[in-house]
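Here subunit A shows up in two complexes: once beside subunit B, once beside subunit C.
What follows is the complex of A and B.
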């Protein structure tokens, strides 16, 4: 198990390195990176300062080392939109809000997808099965911003149950979390349904029935415990959707998270912040995948010793 | 179409005494999208206390479906028991509801599934799965200490070395033979009256097969339970069983004491099956095999199901299912479904070997 974790940690480091190279390269693809990094109207003095700061007068591999060195010290440059604020501070200040929303969205997605997936497998081809598919499909086929606006229109404007935007109380979180989480329900539920069908058809479920185990225990203990393993591998992918989904949803609900920030930064051509968000999002997603893999190894005994 | 047995000589078809399970005209059909598969189509047999009863037949003849039907576990959702009676200690199993069936499964009738390698749940330890067999039937009245001790004793009973260490193993850490023993242990955990043993079809490994047979013998010697033994191999039946039923395409075509059938098979199919068993002393290289194959589910012959492959078939065989005939006088329980037995002296000829 220890060796497994060490191996996975090393893989994670390599992936992070790759991300840094990609981000570094993208900024330099179009000739003078200052054209991408700085607004057109930047002053000559500013351009000089950046040239020295990023070591742009040096060969490419040296530039990369400078970039990495700065990054490791947490220096991703200064925001242009909010002069004097460090780009990383801006992003980290909001990361908590985004993660909070993603966590609630995840809980919502699981809370909906698990019972729907399990029930539609148990009652395959029944009305429950159909209804489950319908709910899931709606969430996946309607765009985030559209659901968000419709929600605001119904629950905030008409019913006046929930606040339209901002952050503060739990009520503020409900709509954006549902919008982000709902999208995930379809994929997750389908995975749970198909792996439940497989489990329910297995010999070990038959043996449990032969032992006289009750149907409830068959479903939730014997079948679900196995069926939950496959969807777990999807959690890594799902985390990236949750993070990416935050971009539109946070904007619709003016949720003060990284997604909202990056949209503002793009509009203002604040490249330092955009670049920092790319690296922070990538790091978060990679670390989540690492956590999922380790969790997976704990849940599935067959992986531990391989 | 349950035929009253026609007496060939002075026979009585049903014997009394210690019959604990009496299956009458059982029909389990599988309603698939393409066709209605009559996997079990009017099967009758009985089981005495303490005996080993074999069910032998080719792959797809309906053996597993028959066995699962006894536990009311016909393959869902396609499978349904559409007729018959299963009398178990004077009560018809087909009248029980699901809750009553859960009390019977495991504690009174249990089964070793055809594939013991995959019948253990990969995410629970062996100890967990064996002790579950106790707690499901008895509730949680045992304290953890005695429960643990009972599981260890049980594992020892099926010859698992160092059971106190094996207890916390997961199935993937055990060899095939050991998993088979664990499944065997689970099947006898609650001292059932009947264990149904569905022999692995792909028992390629002869050592594992030999272990399995030894395990069953041990189980029977230590507990005195009745065993229904399902296999392809008439040679193993001859070694293991007291009585046997030969199944073909959802029907039992011949039924009786193993000795009688082995020495004097009356049904052409049984005769062919037995001719295909290698005899140790003869050391035959090529085995006799029956030309043709089981009829496909959609194209069940109207008459005798074996007719397309039978060298004795005539017109009537193709049109009408034969009645059940009794056997030779000294074997009062021997019955056969074949038109040829209208002639009381008829016997299938020896195939050249």
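What follows is the complex of A and C.
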């Protein structure tokens, strides 16, 4: 177990390093990174200051070391759009809002995917199964942002049930959370269905049937508990989709999270904020994957020896 | 009774007519998906000049925000007009070209790159394998949309940057899948015999292994077209994909966002086009997968 954790930690470190190299390289795609880092009307003095801050007068490998050094100290530069504010502070201020939305979306996805997945496995090839497949197919084919706009049109403009945008009450959260969560319902449901089918076909379920255990107990206690382990591995991937899905969804609903912030920053060409968001999001996702892997290895010892 | 049945001549192996046989084959195809794809994506893209009723780039401000013809608007604009008075139907028709071009270019580049690296990793093993698989893991753990935002902020949005990002993200999926297949086939008897017969690595890879992974490639590519179309639309919607005033579907949805209170049709119809296209592509992909490569069902 210890060796497994150490190996996974090292892999995580390499991935984080790769992320920093990618962001570092992309900032230099345009030639002079100051074109990306600064507005066009920046003064000479400002350009000089940035030159020194990012070590741009030095060779590339030194520039990278300066970049990493600054990043490790939490210094990603200052925002252009909101002068005087540190890019990292801006991002961290909003991270809570994004996580709040992701959590609600996650709860929604699980609450919908578990019953549908289990039911479509139990009643395989029935109408329920078909309906489940349809929901899954729709969820994976519809673009987030479009569902968001259609929802606003139906529930806010026509029915006047829910507020169109912003954050405040629980009502503000309903539409964005459903929009982000729906895509996950599809994937999670498929996983639960296939692992349920497998465990319903197993020896222990047959034995339970022979013993005369009630069908309800068989489904939820014997079959589902074992089937629930497989979808667990998917949670890392799922969290990353939830975070990423927040970028388009927050924009549609003007939800004051990191996703909305980064889109505003791109529009304003506020590169310092964009690169900070990229690194913070990537770090959050990579760490979550690490946590899930370790948790999974803890639950299912076979994984450790892969 | 039973005797009579038994003595009846059996009708086996002899098709009544060739056309019937073709009809049977045709019925097995996922026809609904194919028809929707033809109507929404392929025919508009091929014949945009012929079938589009208006110029997708030019509109007159006097005709802005007109409702669809079936919703009380003038019959001149079937799906209504946008905030600049441009015909929505014509823009959707021309937009199909952008979707196809981005998907084709991105998947082609990613497919070639991923297959090449996957073949080498699975065949030669050793450090190439270790390196490629590590790169695959890294690529898959970084969300594509973040890369897209950083690229857009650094060099701005354009067609080539969208294709670049798609290729950058998708190659890993091919590489991983093809590597696994290659690994399996390199241990097969026919590869061992080819090696004994003195075939070069290049010949073994191109003549013996590549043909065996082609089905996997086709299925993967088909399943990804839908993803790529939604992805491109998301980028365009966020303003980091195809630049204005191109009639990209995602851009059109973004244009309509401000008018959701008064002119829902601006966003609605391009989204419907995306939905129909992607839904059909996914169904077609599922069908192909079951036909050509049932192993992939778990993917």
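The criterion applied here is as follows: the second predicted complex is superposed on the first by the 288 of 306 C-alpha atoms of A that agree within 3 Å, B and C clash if a C-alpha of one lies under 4 Å from a C-alpha of the other, contacts with A are read in each partner's own complex, and residues count from 1 in each chain.
As a convention for this text, a residue touches a chain if its C-beta (ideal position, glycine included) is under 8 Å from a C-beta of that chain, and two chains touch if they have at least 3 such contacts.
Quick caveat, the model's predicted, so the values are computed rather than measured.
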| item | value |
| --- | --- |
| Dominant contact partner of subunit A by residue count, subunit C or subunit B | C |
| Contacts of A:202 with subunit B and subunit C, given as first, second, both or neither | first |
| Which of subunit B and subunit C A:289 touches, first, second, both or neither | second |
| Partner chain in contact with A:210 - subunit B first, subunit C second, else both or neither | first |
| Subunit B versus subunit C as contact partner of A:121, first or second or both or neither | neither |
| Touching partner for A:91 - first (subunit B), second (subunit C), both, neither | neither |
| Which superposed partner A:149 touches (first subunit B, second subunit C, both, neither) | second |
| First (subunit B), second (subunit C), both or neither touched by A:262 | second |
| Common interface positions of subunit A, toward subunit B and toward subunit C | none |
| Residue numbers on subunit A that touch subunit B, as the complex places them | 124, 202-204, 206-215, 222, 225-226, 229, 299-302, 305 |
| Touch list for subunit A against partner subunit C, complex | 11, 14-15, 18-19, 22-23, 26-27, 29-30, 36, 137-138, 140-146, 149-150, 152-153, 157, 164, 194, 240, 243-244, 247-248, 251-252, 262-263, 265-267, 269-271, 274-275, 277-278, 281-282, 285-286, 289 |
| Touch list for subunit C against partner subunit A, complex | 134, 137-138, 141-143, 145-147, 149-155, 226, 230, 233-234, 237-240, 250, 253-254, 256-257, 260-261, 264, 267-268, 271, 274-275, 278-279, 282-283, 298 |
| Residues on subunit B engaged by subunit A in the complex (per definition of touch) | 71, 73, 77, 98, 102-107, 110-111, 113, 115, 118-124, 132-133, 136-137, 170, 172-173, 183, 186-187 |
